[in-house]
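Labels A, B and C are assigned to the chains in the order they are written; within every chain, residues are numbered from 1.
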Amino acid sequence: MNLVRSLLFAPANQPDRLKKFPRIAADAFVIDLEDGTPEADKAAARAQLNEIVGFLRAQALRGLLFVRINETGSAHAEADLRAALAADIDGVVVPKIEAPAQLREIGAALALREALGARPLSIVGGVESMRGVAHVLALAESEPRLGALYFGAEDYITDIGGQRTPEGLEVLYARSQTVLAAKMAGLAALDQAVVEIRDDQRFRADAACGRELGYGGKICLLPRQVELANEMFSSAPEEVERGRRLLAAAREADANSVGAFDFEGRMIDGPLLKRARALVGLADRVADSSAEK
Amino acid sequence: MNLVRSLLFAPANQPDRLKKFPRIAADAFVIDLEDGTPEADKAAARAQLNEIVGFLRAQALRGLLFVRINETGSAHAEADLRAALAADIDGVVVPKIEAPAQLREIGAALALREALGARPLSIVGGVESMRGVAHVLALAESEPRLGALYFGAEDYITDIGGQRTPEGLEVLYARSQTVLAAKMAGLAALDQAVVEIRDDQRFRADAACGRELGYGGKICLLPRQVELANEMFSSAPEEVERGRRLLAAAREADANSVGAFDFEGRMIDGPLLKRARALVGLADRVADSSAEK
Amino acid sequence: MNLVRSLLFAPANQPDRLKKFPRIAADAFVIDLEDGTPEADKAAARAQLNEIVGFLRAQALRGLLFVRINETGSAHAEADLRAALAADIDGVVVPKIEAPAQLREIGAALALREALGARPLSIVGGVESMRGVAHVLALAESEPRLGALYFGAEDYITDIGGQRTPEGLEVLYARSQTVLAAKMAGLAALDQAVVEIRDDQRFRADAACGRELGYGGKICLLPRQVELANEMFSSAPEEVERGRRLLAAAREADANSVGAFDFEGRMIDGPLLKRARALVGLADRVADSSAEK
């Protein structure tokens, strides 16, 4: 899941929106039984899940396909999970994770399904409450099927009783702790949604900040945000080019027994070299993966 | 204590300032035996405590009334606590909390007083040192009588050997961790003082930042700051109005089976709805509580 | 080590740069066997260590002298440590500390050397990975010979997969947690390097931010950065003067039984007084220590 730049959510009770998935270039898609689907429609949406997933598979959907179930412990969670596991999906999104037991419970259900011969599914956990953030280091390492964490800024700030700003200093602590926990545990880290759905500039600024913090992708609420996320979480050609130049300079420095050298005004040694290698490597992998599609 | 927007401190050895409390609209008042009162005057101030509290009660002081004792373990703490508990107060403020044992000791003294028939008092703990911040998650859950935490930026930055700035990035980590611990434990969270006492703009900016982080109120050093804090930690009428419009739009969306909808340029679902409900609910409670006074 | 404002690194395989140390006013120097020295040159550099240290001592190097060994567990670490301990240094710099056992291992080697009659050496630990940051509170208190921690922003952001910006919000959490752990354990805290080696303004801004957070000094990559660090981590004469005025005003207030007083627009009490005392005290100690040199 480390190449997921865009994770597009759409409500499970809106088949017209879900059926557009195959025309959208998101790296991963989520059929949302939780916040996106009103209480009264959850049961009906659940009942249609298998059919809609079948439709998407028949259309040769590119990108991973997930179902977001309702919060574990809620009236819907068990039925949601059963319906999700009966469909041909790549994994489940579990919102508001707060305790390792929650994740292990889902993990056990997945393990049972695998024991019956199904292919392994992965879990994406939502860190979007005070308890989730406070316990995120333990949560990230609690369940081997966990493949990614996302940070939910709107839910978090609602839980703590604060307010959102464009700069986001009010969530910097929580957003930093979440990406640290995710990456340390080897998981993909997916950044907060931007609810200002018509404000491209805000999405770009927010995505840049997320990428700087270490996130590899972002929650998207609309197809337009998918385009922006794919762009912002890829390396610009000039960045990659600069990385290649830097690596060439490093090979030359090394041949001259120079371990730390001045490259375009910066002192380069171990960490900056590793970063350039990661950048160039990711660009090459993305290019390969695009070529495959 | 969740409606405390303003917590006004005044030195225990300045009766003229204390006697003005009944004319000030603070949500809570603190008679300060700690930093506000010079060493040489602490004993005399303590001896007058009961009388001054009696005066304030006779004047029908609105708002909660607290006494801040000196740091536990200091030469004054025990005598301070005894004097405070002999007066008709609503609780004690304990500065520089660092270990659960400190709070449990104060809690035991309060429990003893209650066992003798007095009404329950609450504790406000000051998180204002490196140890306090590092252990704040455990501190917040260590004593059932704890009703609130305040974050003391000046003391914290003195302890760590840093410097204060208007933007406050130097305390963002500590201030974020403290509000998280407080709100997660169900406590009120009170934000740092602004020592620039003639700079309204700075107070407003600092209060806005505190509110965004999740704080519900702020330490005040002067009556003017009380006015500003009450304003900044209340919702502006246009915010409340917008919240009511949003909730109306949500009812309509729900009736149309739409779980996530576009409202004035924002994609609204669970968390933003909850926040609007909290905002409107708080505004209504504040209105009710003002009506009672 | 609490007076280390500048910690200058130079590659162990570049004797011409190392031999300039005695002409530079850094508070501490590091001969770098790790990132600064290419893999192929590490063994040769190690073999020359004793000689270069001898040269520097013969030149009456002012300031502390350290050797940075390679990461514990790497192929070089043991030989590095042996070579370092055979030379007349003041301590070892251990990069990428992540587990208390790493530090205790180094500590044991130092203890053995002391038992054989050598003078005590100290350890400077590098916090520059996700695990280092996540475990920094435990690391800081794990080994009595640990005298300082430095925060390595470039390595940290490489490890987490993020990107560096001039403002540094992407490392604020990690940088804040590291200084908190160091200062709480009584260690010196040394701030991140600035790799933009020709950008004085950026170095100054970054140093100011570090000082505000509580760091007492900074990693330096070039002699020019040493000058800037020494300046930025000393108090400006007007700051010290202001501190002396404030302390005089406090003595007067105290004589008048006033515990909290208005000084040039700020309400002064305990923490601000302590900070002024620390500022004036540090300025006096720095003056004394300069006089000694």
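Here, a contact is a pair of C-beta atoms (placed from the backbone, for glycine too) under 8 Å apart; a residue touches a chain by one contact, two chains touch by 3 or more.
A quick note: this is a predicted structure, and the numbers were derived from the prediction, not measured.
A.B. asks: What's the call on subunit A versus subunit B, same or different interface residues, using the half cut on shared numbers?
C.D. replies: The interface of subunit A with subunit B is built from mostly unshared positions.
A.B. asks: Report, in degrees rounded to the nearest 5, the angle of the rotation taking subunit A onto subunit C when the C-alpha atoms are fitted.
C.D. replies: Between subunit A and subunit C the superposing rotation measures out at 120 degrees.
A.B. asks: Counting in whole Å, what is the centre-to-centre distance of subunit A and subunit B, each centre being its mean C-alpha position?
C.D. replies: That gives a centre separation of 37 Å.
A.B. asks: Mark out which residues of subunit B touch at least two other chains, giving numbers and ranges.
C.D. replies: Residue numbers touching two or more other chains: 169, 172-173.
A.B. asks: Going by the contact rule set out above, which residues of subunit C touch subunit A in the complex?
C.D. replies: It comes out as residues 11, 13-14, 32, 34-38, 40-41, 128, 130-131, 133-134, 152, 154-155, 157-165, 169-170, 172-174, 193, 195-199, 221-222.
A.B. asks: Would you pull the subunit B residues touching subunit A in the complex into a rising list?
C.D. replies: Subunit B residues touching subunit A: 137, 169, 172-173, 176-177, 179-181, 183-184, 209, 211-216, 253-254, 257-260, 262, 265-272, 274-275, 278.
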